[in-house]
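Some structures to go through are shown next.
You will see chain A twice below: alongside chain B first, and alongside chain C after that.
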Partner chain A sequence: MTRQQILTWTQRNGLFFALVLLIAIFSFASSRFLTVPNMTVILLQNAVIGLIVVPGAMLILCGLVDLSVGSIAVLAAVVFGQAMDSGFGLPVSMLLGLGVGMLWGAFNGYLIAILGFSPIIITLGGLAGARGLAEFITQGFTTYGYGPQFALLGNGKLLGVPVPIILFLIVLAIGLHLWYRAPLGRHMIAIGGAKDTAAELGIPVKLVPFWLYVASGLASALGGLIVASQLDGAAVTIGTGMELEVLTAILLGGVSFTGGRGSLFGVFFGLLFVGVLSNGLIQINVSPYVEQVAIGAALCGAAALDMLYQRLERLQVPVEREPNEPVAQGTGGSQ
Partner chain B sequence: MGTKASRAVTRRDLLKMSAAGVAVAGVASMGLPVVAQERKRIALAHPDRAADYFQGFMNAALAEAEKRGYDVLQSFSGMDPQKQLAEVNTWLAQGFDALIVLALDANAMAPVVAKVHEQNALFISYANRIEGEDGFIKWADRDAGALLGAYTAKHIKEKLGGGGAEVGFLTATNIQVVTDRIESTREAILAELPDTKFFEATALNAPDALKATQSLLQAHPAMKIVICCTDDGALGARSAYQNSGLGPDNVLIAGFDGAKQNLELVKARDPYLQVSMALDIGDIGRRVIDIPYQLWNGGPESETHVLQEYKLVSHETAEADIDTILSVYS
Partner chain C sequence: MNTAEAKPAVLELRGLSKSFGPVHAVKSVSLSIYPGEVIGLVGDNGAGKSTLTRMMAGTIRPDTGDIVVAGEKQTFESAQDARRAGVETVFQTLALVPGLDIVENIFLGRELLASGPLGAVTRTMDVAAMRRRVQEGYERFGLGLPDIRTKVAGLSGGQRQVVAIARAVLWGSRIVVLDEPTAALGVKQTELVLSFIEQLRSHNVAVVFISHNMQHVMRVADRVCVLRLGRKVFDGQMSALTGTDLVALMTGAATAVEQVAAAG
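Moving on, here comes the complex of A and B:
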């Protein structure tokens, strides 16, 4: 990596430094904060959101949004729970749960990407509809007790690393590859930046968002199953507020809500920033009465710091794009 | 010609039929409210359809309404005080005979009482109390907290060697029922063990409680007690302990409500989840409909101003007693 590339990277990932600052503050405040077990817990607590954030960020890069993720998560968990209760067995029940998520994603994708419906309206409908369906299916009674095999999904470890973290890292790696190394990354930026031009260039402007919605539905369903595994119960409270957590990580990470620019590394830092903040406030025993204020202030501070850092760096180091670098991505659109 | 004439007649007939149809519809629409008003309408604002106890509560309420011949309007504000207020205002525009509310914010709900009375309807609160109400079924949250606090203090003295214990609270600061539960528990523990250390986090449901307890355990690995403001939260705390690698020795996780899964775990002597402060869900469901009936029929105050006690269900509670509470879910 050349000096220029390092400077460019730091310029575009100011949130990384906000994250480092936050970790430093909590480390001084609590001796138990900066430890391997606690860092693992932070990753574990955010693995489910992280799974969903990757396709979610890609959708927003395309100028779209999925607000139904939390409801798809609970619907998948509930369908899984009912299937287990009906004696379908673990593999079939898991496939049913994941299948429901994919189907709902395909439904969203068809209406939004193919038929051109409003992504906000359709996925808001999904937010209410999928959760309502989950509540209708359960009739208020949570199923629970799925056995030790299913518990491995949420609580198991592979080489000492919790399974949800491994799943998240796999999805993140795939996402990073697609975002930065595959043509899909440039296609998403083009669709989000100038859809008509992208269509004229032969980019599949309908199919790409369609499959991203399917991926978002699948990731949400997987997230729902992981939480059901961790709780050993398909509670209808699963996924409550998840869409806001996902959006917070993505937007804090610098992906433009109107599409066309953004960095998946930034999204990763955004996810970690929110996770570190929630964990750290509990570690230093901040009163619940001021917790929300602290979260709001820290998020605004991080966003301001990120913006300030980008502006200062831009003044000092003009960005020189390399010949083979992807299409222009604005402030947050680099590796 | 003949065809044209018959067509004109048909059109005229159609016009006549349409006019008659409109007239019938008008008369019917004037008549319908008369029929509907024969059955009194009770608006029931329960904020949390996702609560595990909800179905048992609703089953009992609807059965009582059927018995009394009332129609029940339902709303679910998703634990959002503003949304609850908006729903109640919608009902006010629609009209009802009695409003029954588990107010998420008692202060915000207070002005509604006057509006309800302007419509000659009854205002009945449940869970907490609102000034000016006609009747209530108040949950004895503070008494329950005192009971749980005393039980926790006993646990600390007998199993954790007395003072200086660490206690975690999972709470939600914007819901009065919840703050009453947690504050009274804290006061009761402090009354017996003043040097107890408390750590708090916000968590109302199981997924949030799982994360909050994971963080609490990282900061305070010696913490053996977690008091949750709901039973759903207690399930999340239990999962966090189970997967923390810490042993269950003398761990005490407690919640409030008397939810089915929690009662069954306590009955099975789960090593983590040891207490559920159980409400008599069936009785609450029945009474929220019975109180307006009593008020309309001049019933005694003992039937219209009700304090609903909690029962502390723990490993010491007889299985038969737990089964009795669980029967509302069957």
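Moving on, here comes the complex of A and C:
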């Protein structure tokens, strides 16, 4: 292997090995860590974030961001709760909740992708606005008690696997297909890395991000409903800080915040890394306050490593530094 | 008449004119381009080279005159129209995405999908077929490029230029317009691009080579068209001219009549 190949290989698989190492350390430190029930708990605790991470990572690959995910989640839960209280019935209420998420996503997408507003400003507005709207609708009161059928969404199991994990795996599978096997993956890299070129080649540089925002809104709403189901209540605290957890997994997974570079497998490992780290630290009785510090440190470490890799990569590019031909324009060829 | 001109022209410009306000950028320029021929389009700054190029590329519309591709009159409303008609223009910006590899760039925006209804519904790409097509292209044109899965970010300027030209040719384009393909390239890189252009000639592709580097034009062009102040002042075989003659024509120090007389 050449040095370049070693670099690429470690860059691609570094996070995976960090994850394996982390699991090894925790397994050694606590006998309860590497057990099927505990692994299921880790997946379950991260399934909701995982759902939202998939379209979120695609947006970042396109050079965009959605900070409004947590607020869309609570708004969807609250709209669902109000609809249930008004007697719309379970299916209609769920559709209303999901619909409100898609609508907010379409609103984000229209302003950002079609009209060209700043993604940070618009979705930061959504972060405040959607949660504010949820609080206004409920006046701060939590509605609760949606019956056993709705409880299945958050607490049910299919063949022994919790429903949220199944939903997450379905979304992940669709995401992986689109990222690696469909033209969309390449188009997103082109949009995030060289938007003008992408447009010149006929790639829908506005519609792709638009639909990604709609997908992000839908995934956030689904996440909100899952949490509401687990709590059996549409609490106004649902989704608080969710945007940061989503971003942490994506950036830890190595997706460039400026767009055009990243892998969804990496993001999946980033998500698991955060999940394993939080769970493992609790298992070995480390203060929960330290957990946040550890995640922060991991993120900074990943950013530093990424910078290092980019520097090394740049050195590897065989730039031929020859002097330009000593012929001035227009006078060449005259002997 | 040489053998190339015995075939019908693959691209004909008939009396193209374009003005921008009071500036007559191109004044009634006619030019015929034949398959398997490299034609150098030269001229000093402001001679109308880039306006003419952009009319062929479909990015600006001529005020008067016709563009005829393979005997059919065409009206280019956009760059896509020109591409569809078989005229591919490679601008200096190259339109490559550094974060994608060579195959991904060549098929960007026109990816091949797996055959059958499943491929169409799930939008599954036929990655193997795309790689195979590019590999075949490497062999057919003897491309001196790194592995087909190398990211464009890792290629040199000359290699990127070759990828951009190869994309046009691999898509079956019979007419390739190259806008200053050797500008800002070093000696070795220039050689890579020029030898690829020579390869194209033997594959019956018509190449319009726009440059103001005389050495490069003299090296690859069979025929040369000199523009000066928006008009075509010379159109003839490269072999009849020396570099000094070309410069004289470009700067207006000599007229075509004198040149032809001298050459004849």
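The criterion applied here is as follows: the second predicted complex is superposed on the first by the 279 of 335 C-alpha atoms of A that agree within 3 Å, B and C clash if a C-alpha of one lies under 4 Å from a C-alpha of the other, contacts with A are read in each partner's own complex, and residues count from 1 in each chain.
The definition used in the following text is that a contact is a pair of C-beta atoms (placed from the backbone, for glycine too) under 8 Å apart; a residue touches a chain by one contact, two chains touch by 3 or more.
Remember, predicted model here, so these are calculated numbers, not experimental data.
K.L.:
Tell me which partner A:116 touches in the superposition: chain B (first), chain C (second), both or neither.
P.N.:
neither
K.L.:
Quick check on the superposed pair: does A:240 touch chain B, chain C, both, or neither? Answer first, second, both or neither.
P.N.:
A:240 contacts chain B only, not chain C.
K.L.:
When the two structures are overlaid on chain A, which partner does A:87 contact: first (chain B), second (chain C), both, or neither?
P.N.:
Touch status of A:87: no partner.
K.L.:
After lining up the shared chain so the two structures overlap, which partner does A:44 touch, if you call chain B first and chain C second: first, second, both or neither?
P.N.:
The answer is first: A:44 touches chain B but not chain C.
K.L.:
Using the superposition on chain A described above, determine whether A:148 touches chain B (first), chain C (second), both, or neither.
P.N.:
So A:148 meets neither chain B nor chain C here.
K.L.:
For A:160, select first, second, both or neither according to whether it touches chain B, chain C, the two together, or no partner.
P.N.:
Neither partner.
K.L.:
Quick check on the superposed pair: does A:285 touch chain B, chain C, both, or neither? Answer first, second, both or neither.
P.N.:
first
K.L.:
Touching chain B in one complex and chain C in the other: list those residues of chain A.
P.N.:
Touching chain B and chain C on chain A: no residues.
K.L.:
Residue numbers of chain A touching chain B in their complex, please.
P.N.:
Chain A reaches chain B through residues 30, 32-33, 35, 37-38, 41, 44-45, 135, 139-142, 144, 155, 227, 230-233, 235-240, 278-279, 282-283, 285, 287-289, 291-292.
K.L.:
Show which residues of chain C lie in contact with chain A when the two form their complex.
P.N.:
Touch residues, chain C against chain A: 44, 79-80, 93, 95-100, 104, 108-109, 111, 113, 122-125, 127, 153-154, 156, 184, 186-190, 212-215, 218, 242-244, 246-247, 250-251.
K.L.:
Would you pull the chain A residues touching chain C in the complex into a rising list?
P.N.:
Contacts found on chain A: 177-178, 181-184, 186-187, 189-190, 192-194, 197-198, 200-203, 260-261, 316-325, 327, 329-335.
K.L.:
Which bits of chain B are touching chain A when the two form their complex?
P.N.:
Of all residues in chain B, those touching chain A are 49-50, 52, 54-55, 58, 171-173, 199-202, 205-208, 210-212, 214-216, 218-219, 232, 235-236, 239, 242-243, 260-261, 329.
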